[in-house]
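Note that chain A is present in both complexes that follow, paired respectively with chain B and with chain C.
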Partner chain A sequence: MPHTIHIKAFGMVAETIGSDSLEMENPGSSEALKQQLFKQFPGLKSMKFSLALDKKMIQSDTDISQGKEIALLPPFSGG
Partner chain B sequence: MEKERKPKNIFVQGAISPEKIAHSIAAHQSKTDIGGHSIFLGQIRADEKPEGKVIAIDYTAYEEMALEKAFEIREAIFEKYPLTCMHIYHSLGEVKVGEICLFVFTSSKHRKAAMQACDELVERIKAELPIWGKEILDTDNHVWKVNV
Partner chain C sequence: MDRFERQVILPGFGPEGQARLRSASVLVIGAGGLGCPILLYLAAAGVGKIGIVDGDSVAKSNLNRQVLYGEKDLGKNKAETAARHFQEKYKDIKWEIFPEFITVENAQELISGFDLIIDGTDNFPTRYLVNDACVLQDKPLVFGAIYQHEGQVSVFNLGENACNYRDLYPQMPAASEIPNCSETGVLGVLPGIIGNLMALEAIKVLSVLGKPLKNRVLFFNSLTSQTYEVEIARNSNSQQSIPDTWQAFEAMDYELACEGIKQLTWDEAMRKMNRDVAFVDVREPGEMPPLECTGLMKIPLSTLSAQLDRLEDSEEILFFCQSGIRSQKAAQQLQQAFPDKKIFSIRGGINALKTS
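Our next item is the complex of A and B:
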């Protein structure tokens, strides 16, 4: 059953997509989500960023289940 | 009895004032088992970029994740070094050149634990906390800060 996912965006990723949050139909996995984002925002293709699910960085393709908090994180530059 | 530690807010709106730092040092005078403190202060540098000169950094963060991660790092450092105290403060929003944006403060019985823990904390904060610095330039442009 399709459902909507809520995505938070930060730093230069937020700048590129023009918003710090967006909603889309759940593409099912983190890799599918990336492909969907690249289609919607071609500027992201050349950008380095990671995904976090429920505030944990994901290292490989991961299923996105309902209610997960998804975030797009460019390289950190605190300090 | 071991004191239970809970996630603390590390974020400060704007620059970290020298008064806050002095006050934090003074607050440790009652802890007489401390023999050494180590302090790291990060300051905004007026870098010259091809696009212009840095006049400020505007910090944003994924705050909930940063606080969870900071807590995890804090626990790991407490586990690794015999520390009495540890404090971490990071700015959010705009901090001008010359102002302080990061304050890391460790205390222990003897200096080495405080110094090593402070060093490791700073490295981990910069590498692992989801915080981003937007460098504001004197040309009305900006560039995204890159940590080296």
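Our next item is the complex of A and C:
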């Protein structure tokens, strides 16, 4: 499928999504992706997590092109 | 032949690497699941001076992962017990023992005497506190944390243009957002692995070996044995949230910043106690030990939303639970219902009352 992106999820985010990876229709940008995820998985709304695009952290709304990998990276506190 | 022969003969490490370790000092904050393996390997490798900071005492439920301690150590302070173990084992390391928790008051003094700091703590407020102190003092910080079957490791604040924890996580999360080990469980091997990765990073930094995880964070999943590495970049917004003087640092309330809820010690809570203050146990029925005193209300967290009316008339409310996590959740829940009330959570819950 040419219009999909790959999602990698970690920690509580993976638990909430129910999987550590999934394919999604490309929403076009990281903000749009977040909104889409919040709609699909409301439990994510109360969580803080960082996003990485092809293994590089992004700090603001960023365009996502087809076939890219987005990682959803929550903080861990345990020790 | 000395005890370091096998690493000294390693190409790239050599006598120079060993000499660097010997003259180095490391402060390990937290001697728990991560701290135990970190200490074991730093001591075995011959780091010259090691400091241990931990105000906690050994509990039976720690023993599946905190491998420095045994059944005979229950109730003893972790920093002191760990140091005693090593003092018998090796004669060539200088130990500094701090049987206390790191706070905004003692952080500067604690970290100033060491070349490198390792964060093996177990909660968000302390992780931000340690990070900010290391940025202020310009100390490299080896970071590691775990959640269930996953771990993350990085090296912050190392040399020029280095990232720190706030670049990775600019928004401070609440502990109550993410359950800790005591709520979600952990296999002892995971902190063993993550702690070893942290010890390895520390040894790499100190002996100038290989490529430390500077501006990178490594994720490890113990169920799939997969790793995932992400590049971090500096974030000007997050740099601004770090206090720029020690005075500003000491004025920070990291728990309040993370949780949005002011936390009190039992002493502070006792001083507040009067007729107008509601004092609420949010543990479920049957949790031990029970606490009985006049005026104490028992509202299990699971029933709080249905019993909000019982707290309607109180201006100030003090919540406590077993370990201090559920009481934060209760406080957050109540704060949403009554934004104008003064609501507090007692730090460490009943467990802290027992040890204080």
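By definition in this document, the second predicted complex is superposed on the first by the 73 of 79 C-alpha atoms of A that agree within 3 Å, B and C clash if a C-alpha of one lies under 4 Å from a C-alpha of the other, contacts with A are read in each partner's own complex, and residues count from 1 in each chain.
Throughout what follows, contacts are C-beta pairs under 8 Å (C-beta built on N, C-alpha and C of every residue); 3 or more make two chains touch, one makes a residue touch a chain.
Because the structure is a prediction, the values reported are computed rather than measured.
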{"item": "Touching partner for A:Q59 - first (chain B), second (chain C), both, neither", "value": "second"}
{"item": "First (chain B), second (chain C), both or neither touched by A:F41", "value": "neither"}
{"item": "First (chain B), second (chain C), both or neither touched by A:G79", "value": "both"}
{"item": "Partner touching more residues of chain A, whether chain B or chain C", "value": "C"}
{"item": "First, second, both or neither for A:A71, with chain B first and chain C second", "value": "both"}
{"item": "Partner chain(s) touched by A:F10 [first = chain B, second = chain C, both, neither]", "value": "both"}
{"item": "Contacts on chain A seen with chain B and repeated with chain C across the two complexes", "value": "8, 10-12, 52, 55, 71, 73-79"}
{"item": "Interfacial residue positions of chain A with respect to chain B in the complex", "value": "8, 10-12, 52, 55, 71, 73-79"}
{"item": "Residue ranges of chain C in contact with chain A within the complex", "value": "30, 32-35, 119-124, 127, 144-148, 150-152, 167-173, 175, 177-178, 180-181, 186, 191, 217, 219, 221, 224, 228-233, 235, 237"}
{"item": "Chain C-facing residues of chain A, complex", "value": "8, 10-12, 20, 46-48, 50, 52, 55-57, 59, 71, 73-79"}
{"item": "Complex contacts: residues of chain B adjacent to chain A", "value": "42, 59-62, 64-66, 68-69, 90, 101-102, 122, 125-134, 144-147"}
